[in-house]
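Some structures to go through are shown next.
The same subunit A turns up in both complexes below, where it pairs with subunit B and then with subunit C.
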Partner chain A sequence: MPPSSPNFSSSVKLKYVKLGYQYLVNHILTLTLIPIMAAVLIEVLRMGPLEILNLWRSLNFDLVQILCCSFLIIFVATVYFKSKPRTIFLVDYACFKPPNTCRVPFATFMEHSRLILKDKPKSVEFQMRILERSGLGEETCLPPAIHYIPPTPTMEAARGEAELVIFSAMDSLLEKTGLKPKDIDILIVNCSLFSPTPSLSAMVINKYKLRSNIKSFNLSGMGCSAGLISVDLARDLLQVHPNSNAVIVSTEIITPNYYQGNERAMLLPNCLFRMGGAAILLSNRTSERRRAKYRLVHVVRTHKGADDKAFRCVFEEEDKEGNVGISLQKDLMAIAGEALKSNITTIGPLVLPASEQLLFLLTLIGRKIFNPKWKPYIPDFKQAFEHFCIHAGGRAVIDELQKNLQLSAEHVEASRMTLHRFGNTSSSSLWYELSYIESKARMRRGDRVWQIAFGSGFKCNSAVWKCNRTIKSPSDGPWADCIDRYPVYIPEVVKL
Partner chain B sequence: MELLVFVCALSLVYFLFMIWKWVDAERDGVCYILDYQCHKPTDDRMLDTETCGEIIKRSKNLGLHEYKFLLKAIVSSGIGEQTYAPRIMLSGEQDKPTLLDGILEMDEVFEDSIGKLLCRSGITPMEIDVLVINVAMLSTVPSLAARIINRYKMRDDIKVFNLTAMGCSASVISIDIVRNLFKTYRNLFALVVTSESLGPNWYSGNQRSMILPNCLFRSGGCAILLTNKRAMKHRAMFKLKCLVRTHHGARDESYNCCMQKEDDQGNLGIYLGKTLPKAATRALVHNLREIAPKILPARELLRFMVMLIVQKMRRSSSNIKSTGGTKAAVNFKTCVDHFCIHTGGKAVIDGIGMSLNLSEYDLEPVRMTLHRFGNTSASSLWYVLGYMEAKKRLKRGDYVLMLSLGAGFKCNSCLWEVMKDLRDGNVWKDCIDGYPPESLANPFMEKYSWINQEHDASTFKFPDQ
Partner chain C sequence: MAENEIMYVCKRTVVSTKPVQPGKHHPLSVLDRHMEKNHLRVVCYYKGPRGQEEAGEITKRLRESLSEVLTHFPIMTGRLIQNDKGHWMIKCNDAGVRMVEARAKGNVEDWLGSVDRGRELMLVHWEDMYYKPYFWSTFYVQVTEFEEGGLAIGLSCIHLLADPTCATMFIKAWADTTLPRKMLAPPFFDPLPPRRPGNTIPNHKPYTALIDHYNFSLHNSNPSTVAKHTTITLSFSDHMVQACMDMTQSSTATPNKPSPSPFEALAGLFWVCISKVKSLRNGLLNMSICLDARKVLGLHKAFFGNCMIYNKVHSDGLEEHKLSQAARAIGEVVAKMDSEGIMDLIEWLEQNESPISPLMNSCDLICSNLEVVDIHSSEFIEKLRPIQVSYYVESVFGIGQVLIFPAPPGEGPLGRVAMVTLPEDEVIKLCEDELLLQFSPTILMGVNRTHA
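Now for the complex of A and B:
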């Protein structure tokens, strides 16, 4: 629940009090050290230089002691440096820009819908209402096979879409980073709903002729949060293998999963999911330190599968007529909120500044001991992060998170605009959002980014990145030709 | 005085060096298998010759030529009378598989293998930190991994990975993930579940190159419990020594030899090309060449190098093409006591046996597994291991080499050290005494050999019995 807002003048005074408090708590170490250093300085000045020289001469070391001390220091230093986790850099990433021929404006979508579901006008109307309130724009894209009436989801068409999306993104990544295919040590591909044999990772290895001792993994079924799961796996692998490059390909292949029935809960994904993909290069090589865009700070994964309701809320099943589709339950938002709370509980202590943590602790103690009626303190995550990338799962998800985390419209602008321009591209949407922030030239060195994604299961995964260098607005990329038009105003309901 | 200082310094350096080595070893971590449990489906799913014949008769798309081809394939497959098929094949619905059938098939595997494993080992589901599932041909939302987490109520900070489409070599890839996680984090329990989904992947067409998987693949699965807690050393069964993965996807003929696609009529199936044996051999040789230096003792490596040099000198000095004489071959038996080979089929086993120079005794576990359980895809290695255990062949200090091949084309191998004398029978308990049997021939030939006498495909019809 948001705290009640007091009237204007007292709110200004409160703001200064809050600022002072934050400054005090966050810099407590420096503030306590200053008087100590001042005292030492005064003492030194009082003693005078001659006395200090005498003090130095009175120290008596012999060879063995010096040797022992120096060995110990060197040993401890080496152990410390060796046991530090390796820094993982995000060198660069590339998002797939769908061709204009695949565009699905509202009119096309509704026309298709009317033709395919011609004897079910109620379902057509349902889809229209969803589309009106979806927050999607007119430039989202669906794969070519889905443009057919009726759609032709053969395995060959699905492979065609996979090749189009993945190879475009990979080509773009290799060009941007100058990476040679032979230098890729780890390859992780995640695509939830399409896993042909041989895997999509084998397809990438075949196309780019990657090395035979590459460590490849093909994750699937892990939903819209699979991109961050791949980042987690890459991070763990890069800790073990020094001097390595890891390429992650995140995508969702829509062709085989277009629902062809008329169950309402299953028609929803048809309206929201769109074609998209991204390829990301991670590295732990120190030579990439200067070139890398971001540094990975934390990845936190939360899985709510143990709870039956959470498990069932996004479920792939057959309807009465045998058509396979993904049904979304009505309590999706509530479960997403719960999962987010669990994730925040873990990530909060890692990223929040000391001032927020102290406040949270005090209110917690206060509620437990003094008065349970005190409102729970929601930590201000705007203190910890400059940018937020919330998975563009749908308008409702973004609204819910904006309310829960008390974010301003500018913070969620990247998510809303990505939903408008590209639709819900599943695991790759986070990368489109990051690209939006970079295209708007808002990314400065030292900025912290929080990527949050939800997925079926029910999972909530988040990743924290720190910007390594100020990024100039890129001349290529998915937003290059349209960034000047954004942000657009997205009305509540678009009349169709 | 100088000497004393020197000796002190030297001993200090040595002491620090030993500490350094210990820290390094700690950092590298260990990977122990605590226990594993293979899945034994219920007896009502057994596929004997009768039932096999029934299923083939039921297929509407098959004609005389396909029957002859199938007869030849099944007779020489090395598969026996007691393998298990998915329920949908036995109920006659194999042409219309539903998603639910596929999921329920997996549920049975999980229930049996994971249930028994957790019960026996005394580890509660809440203690599992890492979960890796690999089921090649079924990809659901939420993933099968999430399904297991829901069924067993595991923790919410569990690290879970759901691998698909990685073929018959996927269980070694899952072990690779676990091994890497064990190096980064301390004190973990990991659960690896490997299986294959057959029901939804039945091929209902009549292309010869795509019909083989229908006959060879059988139901099976395995759950393996691993840990890197050094305190559990006394309970561990195996310790991982080495793992090598080779991927030949860069070669077009290796990549295209095993592919899931639609035939001309639009039926989905797995196409096995003619270049498959060659691609497999190439991948296998490459993999063995990479793992050999890591596992062979120095003596054997030296001997091999010497023989290679001698052979080269001999060839260059005598200037004749090497028609006779044995090629210098590495003898893996100097370091490996037992061989766990993926039960890809009789031809695969024969091929590998020949290239590694293995005796019938070495190949017996693999052949018997193929006979008793068929080709259970990624989990076959664990059934072979179970046979060795049931025959009491695994003694403390022995080394077991696991070799698997998969679509892509991949060859993955790993070396395990046996930590204690193993005696438990696992799934082989009730039938191990009957193995090895007198003859491996299945009665298909006797029952259906009359098909070979038929020649006219258009008028051919199965006689009603």
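Now for the complex of A and C:
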């Protein structure tokens, strides 16, 4: 089409200009170093060995000076290596695959909703509209206690669900890694809404007969981003304890949190949250260097709790009838956007290539000095990462982030498909997404992964991993039996 | 009392393990729609396995296998909606079936020793159609574990979707999945086949008796709820059924006639006995028989849907209390219910469909032949066959109903079980009838004289 061809050719030209600029700035050191090295080499060759020897003798180094210099070099090198933070490896992880008998198709969910909320048709309508637009599929699972009519969320049922999820994930992890329970030095369990006494971490220690001097932690109440908080905690602990293994168990127990009232803002989690869990093995042992899947590069945590609106936007409270539920405010997406911006500002300088940082800096200076009306430059994070794992909190969250970070459909495919197949599994959803990418055989050595999670508080946490070895599509795992069906097309509205 | 004996643990919805392809609908045939007002209930009793399992273990296994078998029966997990013509059809929306779990005190043998209709019906859950049928489950399963050993499995469903043959087929499929064995006959959900054009005989005189009977029922179905019905179960051993068949043959004029089938003999027997009980002076009661027409129509035996046809047996010109003549009359009617006649009926029904479906069992005494059901080969636990089975086709409003089906294999190939539903006083009289007592039936379930 003639009218757009000048546009097309100019955009192609612009693309090449951009590529050239990026290559130049990112490899500036190499590009300046090579000519210098070449010049020195030519000079050395020109001078010849005798002249070099004369030059050396003219410097009049004596033994003491040489020894001091070498000691200095060795000293600096030692200090450098000692103070370098230990490399944290992610050896392997296992996700819980819910049994098919716990499946909740849309029709069953709506029927139960109607049977339980018999005299509140408006609430039922609301739930139906949410479900239609949720992006969930027909294979997501709820724990057995919620399948009853009426649901029976007793503490015993909650413990039952916790045992099912956590022990399955742990068994799977121990089998995959060949780890012996006695070799676990650090155990961190995070489950936001169910916190019995003794804690879930004590439950794990009891079941697997872990060592008595284990360092165990149980994080509760920290929302959907608690998985990355656990990773951060494990990282800090692994800096202090050499040669250790850390196991993280991330899950969310749905049974006690099924909202039984009819306040709209609180019915939303019922429609989206589903059963899921993951167990991860981190290690700082150099022996794991070979077989570890990923290396932890950065963890960045941002907390917007200082702002009152952010603090109250995801709030657990009782409704007028005394039912406890989690109420989500309408400004949730705006606050999430703010938190993300904050997080990006911190993580940007750590991960972005020099070209993007330079552009950002120039635009920033330009806005401050020349013209505040310049659009702020949004760095292109696709340059920094090959894969993105966005917490599958809901369709709106994924859409928002896709827009903000200018990601393509393929980048967010892992998140969308995890939401479709497993629903919102809270802190473990990042691991299902990572498993999806691996099952699609897209993970290659050197690829960088960015995991972003949002949580109540309001928090935005990110973790950056670098792939250690090319990963073959696994034969087991939560996606093993259905990966061939994915990606599926998820319509905007599913007619129920 | 009875209420304390059964403790309901929970009610839940069980869905299939694989999701159903969205957008599937299953139309219901005209024979299905005719049975809308009735519902079926089936109860199977099993002895407990040796080596007691924990309470609830077997229920859990059954629930998991139920999920698996439902993948093959998408019709059962769907819901009723009305199509453009106002007819019922199934939307296969993957909603699931309701399952009730219960515990009962004592063991299954003791229960069977003192069971009656009221108590047996507590073992199979049923809910009448809601005002909005879209959220109403068409099938209900109940698993009752007996604390001291034994298991009772109850299945109930609206007759609109299934007749006793396919309800039994489902139970067999479920049992096979629990074991686990390969399901021997996956169900067929195709619609009833239309008449094949090549088969129309020129100048074919339609067999109007079937059509007349259905026409009559359509216009005369007025349920009378005056008398309270009760049900008893009588078991006839192999010898006794043989004796009955011999008796029906003893005074036939033509010795070359083939001997009556067990159904014809027993149906004749009940016809005669119940007529006596109702103190009819002249001749025999109005009776209809109900047969499974899968074989006659050439359908696969795994055809899922209603395929039981009713026909009236004529009692004119029969002396009362003559068993042989009664059985012969029944035999004649059975022989006349051939493929052509049934196809004529189906065509007539499709053209003359009334908006209100009738109650097929509200005018006559109905005698149903359920001999094709193979319930006794359903083993949920290895090598454990059901020790007793009961069928109910509810609701019975008219004169009464007799269901005849095979006895457990231990009783011999001719052994039969008959479940008789009549007003209570008549049942008591029936149990004392001389002719019936000649065949010494064992009363498996009697009348409970002490009401709760």
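Quick note on the criterion: the second predicted complex is superposed on the first by the 471 of 496 C-alpha atoms of A that agree within 3 Å, B and C clash if a C-alpha of one lies under 4 Å from a C-alpha of the other, contacts with A are read in each partner's own complex, and residues count from 1 in each chain.
In the analysis below, a contact is a pair of C-beta atoms (placed from the backbone, for glycine too) under 8 Å apart; a residue touches a chain by one contact, two chains touch by 3 or more.
As the structure is a prediction and not an experimental result, all values here were calculated from the model.
> What does the overlay on subunit A give for subunit B and subunit C, a clash or a fit?
fit
> Quick one: is A:P196 in contact with subunit B, with subunit C, with both, or with neither? Answer first, second, both or neither.
first
> For A:V104, is the partner it touches subunit B (first), subunit C (second), both, or none of the two (neither)?
In the superposed model, A:V104 contacts subunit C only, not subunit B.
> Which of the two, subunit B or subunit C, is in touch with more residues of subunit A?
Touched residues of subunit A are more numerous for B.
> May I ask you to decide whether A:Y23 touches subunit B, subunit C, both, or neither, giving the answer as first, second, both or neither?
In the superposed model, A:Y23 contacts neither subunit B nor subunit C.
> Once the structures are superposed on A, label A:H112 by its partner contacts, choosing first (subunit B), second (subunit C), both or neither.
A:H112: touches subunit C, not subunit B.
> Regarding the shared-chain residue A:W374, is it in contact with subunit B (first), subunit C (second), both, or neither?
Neither partner.
> Pick one for A:I149: touches subunit B only (first), subunit C only (second), both, or neither.
second
> Taking the superposition as given, tell me the minimum C-alpha spacing from subunit B to subunit C, whole angstrom.
Minimum C-alpha separation, subunit B to subunit C: 15 Å.
> Quick check on the complex: what are the subunit C residues that touch subunit A?
Within the complex, subunit C contacts subunit A at residues 10-20, 22, 63-64, 67, 79, 93-96, 98, 135.
> Which positions of subunit A touch subunit C when the two form their complex?
99-101, 103-108, 110-112, 114-115, 137-139, 144, 147-149, 152
> State the interface residues of subunit B toward subunit A in the complex, per the touch definition above.
Where subunit B meets subunit A, its residues are 5, 8-9, 12-13, 16, 19-20, 23, 27, 98-100, 136-137, 139-147, 149-150, 153-167, 173, 176-177, 180-181, 183-185, 244-252, 255, 258-262, 266, 268, 270, 286, 290, 407-410.
> Given the complex with subunit B, which residues does subunit A contribute to the contact?
Subunit A residues touching subunit B: 63-64, 67-68, 71, 75, 78-79, 82-83, 85, 154-156, 192-203, 205-206, 208-223, 229, 232-233, 236-237, 239-240, 301-308, 311, 314-318, 322, 324, 326, 342, 346, 456-459.
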